[in-house]
Structures are given as C-alpha cells and as structure tokens.
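Given below, in the form of structure tokens, are the structures.
Consider the two complexes below, in which subunit A is the common component and subunit B and subunit C are the respective partners.
Here is the complex of A and B:
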C-alpha cells in the first residue's frame, strides 16, 4: 500500500498509529461469533470475513459484490481498491434494514463500499465491526436529488484498529444521517468528508466514542457546504476512562455562495478518570455572510452533585455513574431514527458502561 | 433510632460541625432551626454521606449500626432519606428510570425482590397523585425545568416511593406557596408519621411546623445544638429571633 500517515502530520497527530501497526502485525486466528449481532428485521444481510464476502452466511438482496475503483486521495481510503460491496438504487426505490457484519481475525483487511441512491430513493444501512486486527474501509456515497440514506455504524472489535473513511456527495434536498458508535476495545479513526453539493441538502455525521484502558479513538470529519439552504449536524460525544484518549476533530466549511446554511456542531467530552484525555478540535470556516452555525466544545467530569443525589437515593457508585454517562452519550445515540437500531446501539453502550464503571 | 454524639465535621479544612449531639427515637419528629450558615445543611450532607465532608470526630448510629461506616447508597438502603435544600437537576435521566433503579437497588440490598415495571409505575403514580404532581412530570428528566416548588414536591414524591424509616428534610418548606406547603406537610405526615419512623425537619420558619407538629425543637448555631425544647421553642424563636436565644 501507499505510505502510511505519521503523527507528525497535523491531520493525523492524534491517531493511534502504533495500535494500527501492532494490529497489522498480528496473525489471523479465531473467528468470533456473530449470531448475536443481527438486529431484528428482514433486510439484506452480508458478512465479510477479513474483507472477503461470505456468500454462505449472507442474503445480499440488492447489494452486489463487484470490483470498485474508488477515486480518493485519502491515504488509508485509497488502500481499499479491489472487490467490494455496492448498493445502487434507481429513482424512488427504497431498501431499508440492510445489515453488514465485518469480522476480522487478525492481520489487515481492506474493503471499499459504494452507495448510490437515485432521485428520491431511500436506504438504511447498519454496519458492525467485530474481531481483531487492522480493518480498513472506504465508503463512497452519492445521493441524488431528494435521496435519503440512514447509516449507523458500530465499532465493536475487541482489539486492533479500525479505520473508516466516508466520502459523500449530497445532492439537492438529499439527506445523509450517519451515527457512529465506538464501544469495543480497538483503537479507531472515523474519518469523513461530506459535501453538501445541492441546494437544501442535509449532512449529519456524529456519534459516541467510548474508550478505556490504553485505547485511543478519534473522529476527523469535515462537512463542506457548497450550496444554498444546506444544513448539517456534527454531534459527537467522547467518554474516556483509565488512561485512554478520545479526540474529536470536526470542521464545517461554508463556501462563499452557500447562503442560509444552518450548521450545528457539538463536541463534548466526559472524563471518567483524571488520567484520561479528551482532545477537541472544532473548526469553522465561513465565507458566506447569511449563515447560522451553532457550535460548542466542552470537556468535563461527571457532576459530583448529581452523582451524590443519585447515590443518596440508593444507587451504588458504579450504576450512578453509568446512569449519568448513559444520559451524556444519549445525545448522540438518540439521533438514530430507527427504533430497533437505536436500541441495539444503546445496549452496546450499556454493555461498555457496565464493564468500564 | 438515630444517635449522634459529639459530631465534628469539616469541609476543605474548615470546621463546620463542632460537637453536635442529637438523639431521635422512633415515632418522633424533631425540628432543627438556626441561622444561615449554622451548619444545618452540612448536618444533612454528613448524615447522607457526601464525600466532600470529612468527619473528624464523634459517632452516628442508625439503629445501632455505624452510619459513618456506610457509603451513601448503603445509608439509603438502611432506611435514610435526605430531602435536599437544593434538589439537583439531572438532564437526560428521567424521574421514573432513576427512581425505579434506586428503589430496586435498595430492595436488592435488603434482600427483597425488585419491583416489576408495572408494579413500580403503579406505586409512582399513586405517590405523585397524593402530592398533586402531574404523572407526566415523572417522565421528565429529574428536576430539569421544575420550579422551586415543583422540585420540593418531587422530593416528597421520591420519599413516598422510597418509603424510608428516617427522613432528614433540609428546608423542604422553602420556595413553597401556602397551598403547596399544606400539601407537602400532609405528605410528610402521611408518609412518615408512624411508630417505627422518624423525621428530622430542618427549617427556617415556624410555618411548616403548623402542619407537621414537632415533638422537639432544637436550635443549631455555630455547629452545635445550643438549645432544645418542645414546640413552644419554635414560637419563641419566631418572636425573638436567633440572636436572643444564642446570646
């Protein structure tokens, strides 16, 4: 593959590249169970093991497996060229409840994905990552006029490193709503560039990254508003325990002509221990004058008064902390519109909390 | 039931309680009155087990068990309820979710079966209704957007649900209008007036004591109980002020 980035590069300074290197040096081994990962629903289901499609475990429906030649300059994303998955829907078609499970058993695996929705088409895709090793993905998304894509991604790899690169072009009045949950033991980088290219388009990329031990997770997301009346949401929550670190870098660019853009960027970190770290890097670059961009970035600890209030009513310290942390993370997870998906993600966050606290 | 002996406590190295003693028997209501800054809320927090307050001397027994050895949640399971002078707002946590988990944690600690969702909901609705609180408010985040009076009423709903044996109520009457005061007073009597229960009412004003008649009234000043008496002491304080008593 091409040269890996280094921590000396500004855009990669918080990335756990040591974990990436260690992950790719592992050898392939046991295959984790995946039965419990499916969310109720009868949509297409696909399983990839170490980046290879598992036909016998899959019912791919509308999703095809074919060579994909991504056009990207991204250093990790460009390493994914080859056979991948593709969802192409004609105008006004709807396919919801697509689930993709990525199982990694060690070493490294790379896979491209492509989602193209025609005019007014609708799709929802849930992706789940489990296992070990370095897992690298590029997902290219093109939404035509009025198309809507709901995308929910959970990183549950027990160890290793997961790097995701999202590149999306959002057409007129089209909408991309994506939520990412990092609640496994792997380090990660969730990297994205969303371009609101058509008037009235909507772009959302947010989520919750939960870390403990020595783990490091980060998001590095840019939304570019290139058209009128666009809206975007970047709502990220970071929870860091032990000596772990979460970094949230989120950027909104509003081009000169992109009047009436409505952007919201909310980056909040919660330190469960004093030894943990949350880095925040909010950036706004606005060249249009009639724009609304709400933004906030804060890091704090659990509110001691609230904690004592809960304990004084009978909750032990762990459950009391979990209750407050759950509420903190809910800001991000509650953005998921589909009930079953939201509940599954909340349950994963819950499982993380009961282990970390 | 509650036996406090020569209690000393400080916060940030600053002594607040300076040898406070108090004995409360089952079936009794004790009022504690005193000037601002006397240490009344500190007493409540120390009894509740708030970590920031350091006990530097003395003992506190709840039914012969050493209260000071217990964590805050263990004190709750042992039957203590602390009504907060300033109930805390907790965004994102609903009253129902919070109270159900709290009650069931207490029940588990006492070796009782947890309540099912339906059983709990029935109990919570009944307690809210008895205190004139709209059942819809139970679904809202804890105290968020509640008026001062609604927060105090919510404290009493929580007390009704948790059904403690000893309630320490810190200025539950402040911020209440006269109608709410009567409802809250009736609530305290209904929930806590029983031969096996007891109440410590921390208050500034005589008026709550018109509804919840104390058996004993104590004056707390500068970290100590400086005078104790019957209900008539509250009237004397109202007439003459703390200055005359403390002098």
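Here is the complex of A and C:
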C-alpha cells in the first residue's frame, strides 16, 4: 500500500499510528462470536471475515459483492481497492435495516463499500466491527436528489485499530445522517469528507467515542458546503478514562457562493481521570458572507452542580455520576432515528460505562 | 436596503476604495547599510556595529547556524510568495547618530515623519512641554536604531529601565543575558531564529520589584529604508509585584517590494506582576492588487512565571499584506492569568493568520481569549488558537470567543482552534460565530442620517467593542479610526 501517514502531518497529529502498526503486526487467530450482534429486523444481513464476504452467514438482499475501484486521494482509503460491497437503489426504492458485521481476526484487512441512492430512494445501514487487528474501510456514498441515508456504525473491536474513511456526495435536498459509536477496546480513526453538492442538502456526522486504558480514538471530519441552503450537524461526544485520549477534529467548509448555509458543530469532552486527554479542534473555513456557522466546544469533568443536585435527591455519588455521563453520551446517540438501532447502541454505551465507572 | 439605494453607494464606495494609502510616504534620510545578503559576516557586522560583547555575538551566531538548518513553516492558511533572504539588507541606521535630550533636536525630516505618523496630540503636547498633559514615554525606533528616548529621567527615578535593547546589552548585560531567549528560545521557529541572528534593535524594559511604572511606555516602529527587513527584539521583565503597560503602534511607507518584518517580543512576569501589552498595527497592506505590503511574521510570547502574575495582550491588526502572529502566554505560575483581545481586519488582498496560545501549566491558571476577525474585499482572515492544559494543572479555566464578520462574498473567514486538555478539573469553553452586517442594521443606522461608511464603521466598532475597550485611551481613539479607514469601500 501507499506510504502510511505520520504524526508530523497536521491532519494526523493526534492519530494513534503506533497502535495501527502494532495491530497490523498481529497474526490471525480465533473468530469472535457474532450472534449477539444482530439487531432485530428482517433486512439484509452481511458478514465479512477479515474483509472476505461470508456467503453462508449472510442474506445480502439488495447488496451485491463486486470489485470496486474507489476514487480517493486518502492515504488509507486508497488501500481498500478490490472486491467490496455495493448498494445501488433506483429512484424511490426503499431498503432499510441493512446490517453488516465486520469480523477481524488479526493482521490487516481492507474493504471498500459503495452506496448509491437514486432520486428519493431511502436506505438505512448499520455496521458493526468486532475482533482484533487493523481493519481499514472506505465507504463511498452518492445520494441523488431527495435521497435519504441513515448510517449507524459501532466500533466494538476488542483490540487493534479501526480506520474508517467516509466520502459522501449529497445531492439536492438529499440527506445523510450518520452516527458512530466507539465503545470497544481498539484505537480508531473515523475520517470523513461529506460534500453537500446540491442545494438544500443535509449532512450529519457525529457520535460518541469512549476510551479507556491506553486506547486512543479520534474523528477527523470535514463537511463541505458547495451549494445554497445547505445544513450540517456535527455532534460529537468524547469520554476518556485512565490514560486514554479522544481527539475530535471537525471542520465546516463553506465554499464561495454557498449562501444561506447553516452549519453547527458541538464538540464536548468529558475526562473521567486526571491522566486522560481530550483534544478538540472545531474548525471553520468560510468563503461566503450570508451563512450561519456556529460551534461550541467544551472539555471538563461532570458539572458539580448537577452532581450535587442529584445527590441532594438521594442518589449516591456513583449512580449520579453514571446518570450524568449517560446523558452526556446520549446527546450523540439519540440522533439515531430507528428505535431498535438506537436502543442497541445505547446498550453498548451502557455496557462500556458500567465497566468504566 | 433596496437595490436602487445601493447603486450610487457602490460608486461612492468604489471611489473610497481607490483612495491611495493615506500614510504611504518615505522619508529620505541618509542611511548606512550592511552589505546586501545574509551570512555569518552579516551577523558579525551587525554585532560589531552595535559594539556588542562576545557572548551576544556567539548567541547570534548560534541562532544563525540553527536557522540555516530550518525550514519556513507552511501550516498557516497563508499564501506566502517565496522570500529571497539574500536579496535584502539586514542592517540600516540613520547616519546622524547622536544622543539628544528631546525630540526638538531631532532631524526635522524625522520630525515630519513623526507628524505624519500621527503621534497622538496628548503626546505632542507633552513633547512641547504643555503642563498637565498625560505622560507617555516614547522610545522612537526610527528604522533600526533608537534615535531618542524621552522621559528617561522620570522613569529612572522610579527605577524603571527603559532602553533600546542595544543600549541595554551594553549597560545591563547581566539582566539582558538572564532573560533574553528564555521565553522565545533561539530555536523556537524559523522567523524567531532569524530574528535572534540578525535583530537590529528593539526595546528593553525592566520594572523592579513592587514598582508601578509611572507612565505608559510606547514605541513607534517604522520601516523606512527600501528593502530593509526589520527585526525588532523586545524584552520586558516585570519583577515581583510590578506593573507596566506597553503600547506599540506603527504605520509604514508605500513600497513596491515586499518587506519582511520578523519581530520577537518576550515578556516575563514574576510573582504578582502584571504586563499589559497593546498593539495597533497599520503597516502598508499592499495596493489593490496585493502588490507590495509588509510581511509581518512575529513571535510574541509571555511567560507568566510567578504566582498571580498576569499578562494581557491586546491587538488591533489592520495592516500588513500577510500577518503570521500568535501572541501567547505560558502560564506557569499558580493562579496566573493570560488574556488575549484581538481585532484583526483584512481588506483588499490581505491575509492574516493570527490568534493565541494559552499553555496552562500552573494550578488555578485562567485565560480569556476574545478574537474578532473582520474580512472584507478579497482577503482571508484566520483565527488559529491553542488552549493546552497540562496534567498537573488543577482548576484551570479558559473562555474563548472568536467571532468573524464577513463584508462581501469574496472574502474568507476561518477558525482553527486547538483544545488539548489533560486534566479533568479544567473548564474549557469555546464559542465561535460567523456573521455579516445585516441589512436591518445598515438600514437603521442610515435612516438615522449616517452615510454608508459611517454606518459600517459604527457597526464594526460595536462588533469589536469588547477588544477596543481593553486598549489604553490614546490607542482606543486611534484604533477606532483605523477600523473605519481600513474598511473604506468594502461594503456596497
């Protein structure tokens, strides 16, 4: 593959590249169980083991397996070229409840994905990552006029490194809403470039990254507004315990002429221990004058007043803290529209929190 | 506002935009130059010219050797044309060099330059000996050498040392040696290292323990000789319990060739000391096509070393073709305070990448960042900031607000804040907004009888009010005018 980036590069300064190298050097081993990972529903189900499609475990439905040649300049994304999965829907078709489980057993695996939705088509895709080693993905998304895609991604790998690259082009009045939850033991980088190319398009990318031990997770997302009346939301929450670190870098670009853009960023970090780190970089790059772009960023510990309030109502300190932390994470996860998916994600976050707190 | 109302205003605005740089002039005074180019001999020449001791020359040479191994930074959102460091003079001084008691004895040519610089009336009154006028000490840096320092006696009575840095190196070598390069080390960054090697002159201030400096100290920088890079070095040390307010302001003559200005400012605040550093910068920004104009690549940093020490940076940046400037505070002292108030205006084809760093190492240290960026014309204005909280720094607080105002649809406003927190007790808040002047605001102001430019100036001054309030009186008035002048012709 092409040269790996280094921490000396501005866009990669917070990335845990050492963990990536270490994950890559592992050898393939046992296969983790996946039965418990399915969310209720009768949509298509796909399983990939180390990037290889597992036909016997899958009911792919509308999703096809075929060679994909992604067009990307991304150093990790470009390494995924090869056979991958593809979801192409014609105008006004709707396929919801697609679930994809990626199982890694060690070493490295790469896989491209492609989602193309025709005019007014609707789809929802849930992806879950489990196992060990370096898992590298590129997902290319193209939404035609009025298309809607809901994407939910869980990073539950026990160890290793997960790098995700999302490249989306959002057409007129189309909508992409994606939520990421990092609640495993692996380090990660969620890297995205969403282009709102048609007037009135909507892009959302957000989520919660929870880290502990020596783990480091990060997001590096750019939403680019290239058309009129676009809107975007980037709502990220970071919870860092022990000696771990979460880095949230989110950027809104407003191109010359992309008037009436409404961009919103909210990056918030919560430090559970004094050895943990949260890095934030809410970035704006604006070339149009009639836009509304605001960002808020905060880092700290739990609000003492809220904690005191709960304790004064009879809640012991531990549960009070847990409740506030849960609410903090819920800001991001509650953006998921489908009840079953939201509940599953909340349960994963809950499991993480009950172990960490 | 309707379209019909806008059309004639546009013509008016256009006429205003075509106005030439009001402060563009050059004074012809004989100058002595170091040979063009930069090598060890240039460094030796400068050092010898200033009669510096051996340790200073070694210090410069060490920096120069380091500089040769470094590369110019390219991470800023700036488009910097390649600079030929060999095609510049690194030292120029007015030939008539004698110590004088007052500005009256100055070369009349230089006096006229000061007048055009618009030294505030209050100050001119003081210079003319008017009774009861507020006192401001002026250390006039005419090109590279301090030509006159007034009020030295009154300052000396208070124990304040206010010298050009070359004088200070000769007269107070121990004091200078102790602090020079302690805040901005020689190897800090490309431009600071270059400055360390070839700095021409600058200011040294030492305020002794418990002294409140009896007047505001001010310096007027002026880049005057064609093709002369100016490398100012400022070092201000406030000892325990001391207080000093320092003002820096400048304009520059019109030139066709780009001029590099790479200054270094170092501030040190010991226990309970406070330094207030205010800047109004109005260097030549280049013509309407962006030709000429100053490159302002400045390293400014404060060390809040002592308990309860405080440093406050206030800047109004309206000039320069390219600005690369991040006045920072290293908050080592317990309960130390860092403040940064900035208004940066870009118009025409100006580029500004400016902001601050607040490095919290001390327990209970606090910082406030208020940055107002105003972009007009075809310019780009970037706020770049860092707030870092070290693991041992308990109870740190930071509040950051960066607002951008866009005038017109051909300019850009960017915000690049970095927040790195390694202590859970920190409370870090960051807010940013981007807006434009609304038609309602304009309509209201104009309906009250203001013309378009006055209305814009009024609204912009309101937008920047929180920062302008931080400036000392003399500067606040000047700065308000400057904002209006800088934005002339930018709204139509």
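Of note:
Heads up, the rule we're going with is that the second predicted complex is superposed on the first by the 345 of 357 C-alpha atoms of A that agree within 3 Å, B and C clash if a C-alpha of one lies under 4 Å from a C-alpha of the other, contacts with A are read in each partner's own complex, and residues count from 1 in each chain.
As a working rule, a residue touches a chain if its C-beta (ideal position, glycine included) is under 8 Å from a C-beta of that chain, and two chains touch if they have at least 3 such contacts.
Everything quoted here is computed from the prediction, not taken from an experiment.
Set against each other, subunit B and subunit C touch different numbers of residues in subunit A, with C touching more.
Touch criterion not met for A:195: it reaches neither subunit B nor subunit C. With both structures placed on the common chain, the touch criterion links A:305 to subunit B but leaves subunit C unconnected.
Of the two partner chains, neither subunit B nor subunit C is touched by A:76.
In the superposition on chain A, A:271 makes contact with subunit C only, not with subunit B. With both structures placed on the common chain, the touch criterion links A:331 to subunit B but leaves subunit C unconnected. In the superposed pair of complexes, A:288 makes contact with subunit C only, with no contact to subunit B. Taken together, the two complexes place no residue of subunit A in contact with both subunit B and subunit C. Subunit A contributes residues 303-306, 308-317, 319-320, 323-324, 326-328, 330-331 to its touches with subunit B in the complex. On the subunit B side of its complex with subunit A, the touching residues are 48-52, 71-73, 75-77, 82, 84, 87-93, 97-99, 101-103, 105-106, 109, 141-142, 158, 162.
On the subunit C side of its complex with subunit A, the touching residues are 75, 77, 389, 391, 404, 406-436.
Those residues of subunit A whose C-beta lies close enough to touch subunit C in the complex are 10, 256-257, 259, 269, 271-301.
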